[in-house]
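The same subunit A turns up in both complexes below, where it pairs with subunit B and then with subunit C.
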Partner chain A sequence: MQASRARLFKEYKEVQREKAADPDIQLICDDSNIFKWTALIKGPSETPYEGGVFQLAFAIPEQYPLLPPQVRFLTKIFHPNVHFKTGEICLDILKNAWSPAWTLQSVCRAIIALMAHPEPDSPLNCDSGNLLRSGDLRGYRSMARMYTKLAAMPKKG
Partner chain B sequence: MTTATGLQGEGLKVLCKFFAHGACLKGDNCEFSHDWKQPANNICTFYQKGACSYGSRCRYDHVKAPRQAPVSLSPNSSFRTGHPNRTPLGKEPAATQNHLSGSASSSRSLTSVTKPVWALEAHTSSFSRNENRPHIVAVDPTEKPICSFAAAGYCPHGDKCPHIHGDLCYICGKNCLHPYRPDEREEHMRMCQQNSKHLEALRHSQEIECSVCLERVLSKPAPSERKFGLLSECDHPFCVSCIRNWRSSSPSSGMDVNSALRACPICRKLSYFVVPSVIWYSCKEEKQEIVDGYKDKLRSIDCKYFDFGNGSCPFGTSCFYKHAYRDGSLEEVVLRHLDTDDGKTMIAKDIRLSEFFSGMHL
Partner chain C sequence: MHNSPAEDGVEEECCSLNSNPSAAVDSVLGQSALRLGLGVGSSQTPGPDEYDWSSFRDDDILHQQSNILEEEAEKMLCVGEKEPLSALAAEYQSGSPILLEKIKMLSEHYSGIRRTRGDGNCFFRSFMFSYLEHILETQDKAEVYRIKSDIEECKKTLQNLGYADFTFEDYFDTFIELLDGVIQGGEGSISAKELLQKCQDRSYSDSMVMFFRFVTSGEIRRRAEFFEPFILGFTNGIGTVDQFCKTSVEPMGEESDHIHITALSDTLGVAVRIVYLDRSSCDGGVLNVNHHDFVASQDAPEGGNPSRPFVTLLYRPGHYDILYGKLPPSLSLSLSLYIYIYISSESLMALWRRG
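Right after this comes the complex of A and B.
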């Protein structure tokens, strides 16, 4: 408990210090609870998610960093490895390939990389996975683009 | 012998250490002399026992042989035939014991043997030190101690100091090299070199951070945690507590122990053991030195699983701890290598007849 708090505090200071280091990631700690964080990440360019801002919710276990944080998308996203309803993310480093050397910042980076490189063979969103696996790139892109525009972009006007 | 008995009559012979510092609480009842004319006994007891950690900086005399031939109750003893200060140190205890059991009163317990030589002398008869001392000091400069003030950095007497001032050690910058004791000089230089290397290593270890807790390892709040954990196969720094916690955490579902827990959290290289160290190394040789030192230390500790042959150690021949029986003999294991179906070799252990029968499919 004490160790996780100390480590999160370190990460918090690091985030404050290097706010400008990674313009695609904005990590915000809950005002009253250091075990709850939210992150805003920008959709990577040259993907259907470009231009969108996606919100992630972090729930950090007390045994952190021995256990990975639980991360899910709060913003709706059409992606083969993200559950369409719950926002759950299928990513090895959040499960069995976790290592205590990862930080919240690097987890965000990994999620951005996952958005750019979907893994259709272990889908949480079967529709999206099937589109990709059947080679219907155009179908996948237009669906993902539509949801990005609907959910992840500020409404105009 | 006449001088000896004469001295014995006086009773007091060694200058009281406390008196010399102006702080003896026993006053007239002190068994040591409160007369400045008496010689001070300044022998280092640790040196007598074989190891004084102060080395040449010790403020007591590092005398190679008992220069007052401890309890030579019998003048015919072989002890005194040679030049006293050329007697090998190792012979002394045996000789002392002989004298005690032979001629000292039987009521004296054996523990008195371990007492410092001057204490022994004070209780038993005494002689020969005054007759020996001046002429040894005059003859052999190696017997003379160097000035401890100069050795510690500054001597207020300067050139008028009655003691020899040691030569300057260029590493620690103190006058602590005995001019006539080459062994001690060498030892000091070696220690000094080691110390300065250690300090240097400690200095740049200060900056190194653990990738698990993100803190500087040597600045952790708990002193017990200010230690590095070295992985055998890679060079990523961690606190020993962090890396051990991680390696011993229970694997969650689908987690492979070897590829996740026992791997380095950064490079995922598999390491089978963690070595604690207070300093971080800067080259392969230093790392090897730390690892070897650690293994040597463990090898001197009896394995609690092996339990002197009563138990069985799951680590077998790979165990770092000592596998020795009560009589001190080490466990000897001849490994049996078996070829398996897939062409690999495995090491057979604990083969039971029941396993053989169950494999027969009768």
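Right after this comes the complex of A and C.
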């Protein structure tokens, strides 16, 4: 508990210092609980998520960083490796390939990379995975684009 | 599987899976979630058709899996007590005669073993305890001085590779603290018993395993060109050095192999002897207990005599334990005499300072 708190505090300081370094990621720690964080990440360019801002919720276990944070999308997203209803993310570093070398910031970067490079063979969203697996890139892109517009972009007017 | 009542309980639930699948899954999950202090989707048990599968998350499966691993791991201490070699022989009493014969041969040179938990971290834990115990027994300050400067180098390597300091510094501090602690006469000095206790303490022990994992990963990456062909061989040609470090070195619970041992031994300059206990036998029918020495590369100048390894581990396919060599009686006497003289000189010094 003590170790995780100390580590998170270091990450907090790092995030404050490096704010400008990565404009695609904005990490915010809960005011009253250092074990709860939110992140706003920008959809990577040249993907159907471009122009969207996606919110992630981090719940950090007491054994962090020996155990990974639990991360899920709060913003609706159509992506093969994100559960459409719960926002859960299928990413090895959040499961068995986790190590303390990862940070909240680098996890966000990994999630952005996953958005740009979906892995349809281990889908949490089968509809999305099937579109990609059957080669229907156009179908996947238009669905993903539609949900980006509906859920991840500020409403105009 | 049928020995302990706890396991029988699980077995029963598995059987009831046939009659009411969702209820059984829910109750198994509920159990694991309770132990972890986490809530699972719904608290009441729904009927087979109304179970809300959308709340059945990947995380739940992961937790259940890690729980099972945890339960298995808890059956053995991180680092056990020292046992005579006969305890090893007893394990194979009704087993392979080749193994029994080999254990008999082992007993000519080795006196005992110390088991470590089989959770994928056994190599690092065995190395850690064996090394620290050696320092505690020999009070070899020159060696501590030497390894500390190597550890500083490792730190620089990680920094150069782009690791943020805060990701590894706590683990480095934990190990250095213990390294200082086993040298007697200081403020934070610890006894052999305390060393064992610290290495058995889960979070302390895991922190040190992470230290070794960082050091190993740093060395593999630093000498990527050297390690790459071995990694390609190990991963059937599909892995990169970076991937290998990320998925097979840095995460807790990933087992160690030749590559890890070479890297760790090289970077810390500590020679390691691995004694193989398996059922292999020579063609001529003559049994031989093989061993492999990892001679720290920095330690062995060309043509020079590498120092004899003092970290000796017993390898049985899939697991490492610590092996204790037999000290020749004269050496063991001089060693204890040395410690005696050392301790008394320390206390004399203390008296002198006070006086």
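Observations
The definition used in the following text is that the second predicted complex is superposed on the first by the 157 of 157 C-alpha atoms of A that agree within 3 Å, B and C clash if a C-alpha of one lies under 4 Å from a C-alpha of the other, contacts with A are read in each partner's own complex, and residues count from 1 in each chain.
One rule holds in what follows: contacts are C-beta pairs under 8 Å (C-beta built on N, C-alpha and C of every residue); 3 or more make two chains touch, one makes a residue touch a chain.
The model shown is predicted, which means the values in this text are computed figures rather than measured ones.
Bringing the complexes onto one copy of subunit A puts subunit B in a clash with subunit C.
Legend: residue contacts after superposition of the two complexes on their common chain; A:74 is shown touching neither subunit B nor subunit C. Once the two complexes are overlaid on the shared chain, A:7 sits against subunit B and subunit C alike. Using the contact criterion defined above for the overlaid structures, shared-chain residue A:124 touches subunit C, although it does not reach subunit B.
Once the two complexes are laid over each other on the shared chain, residue contacts for A:90 go to subunit C alone; subunit B is not touched.
When the two complexes are overlaid, the chain among subunit B and subunit C that reaches more residues of subunit A is C.
Within the three-chain overlay, subunit C meets subunit B in a clash at only one of the listed stretches 1-9, 37-45, 271-279 or 343-351, and that stretch is 271-279. Where the contact sets of subunit A with subunit B and with subunit C meet, they give residues 3, 6-7, 10-11, 14, 63, 65-66, 95-101, 103. Of all residues in subunit C, only 54-55, 57-59, 62, 163-164, 166-168, 170-171, 203, 206-207, 210, 213-214, 217, 246-247, 250-253 touch subunit A in the complex they form. Taken together, the subunit A residues at the contact with subunit B in this complex read 3, 6-7, 10-11, 14, 63, 65-67, 95-101, 103. Against subunit C, in their complex, subunit A makes its touches with residues 3, 6-7, 10-11, 14, 63, 65-66, 70, 83, 85-86, 88, 90, 92-93, 95-103, 124. Within the complex, the subunit B residues that touch subunit A are 211-215, 242, 245-246, 249, 252-256, 260, 263, 265-266, 268.
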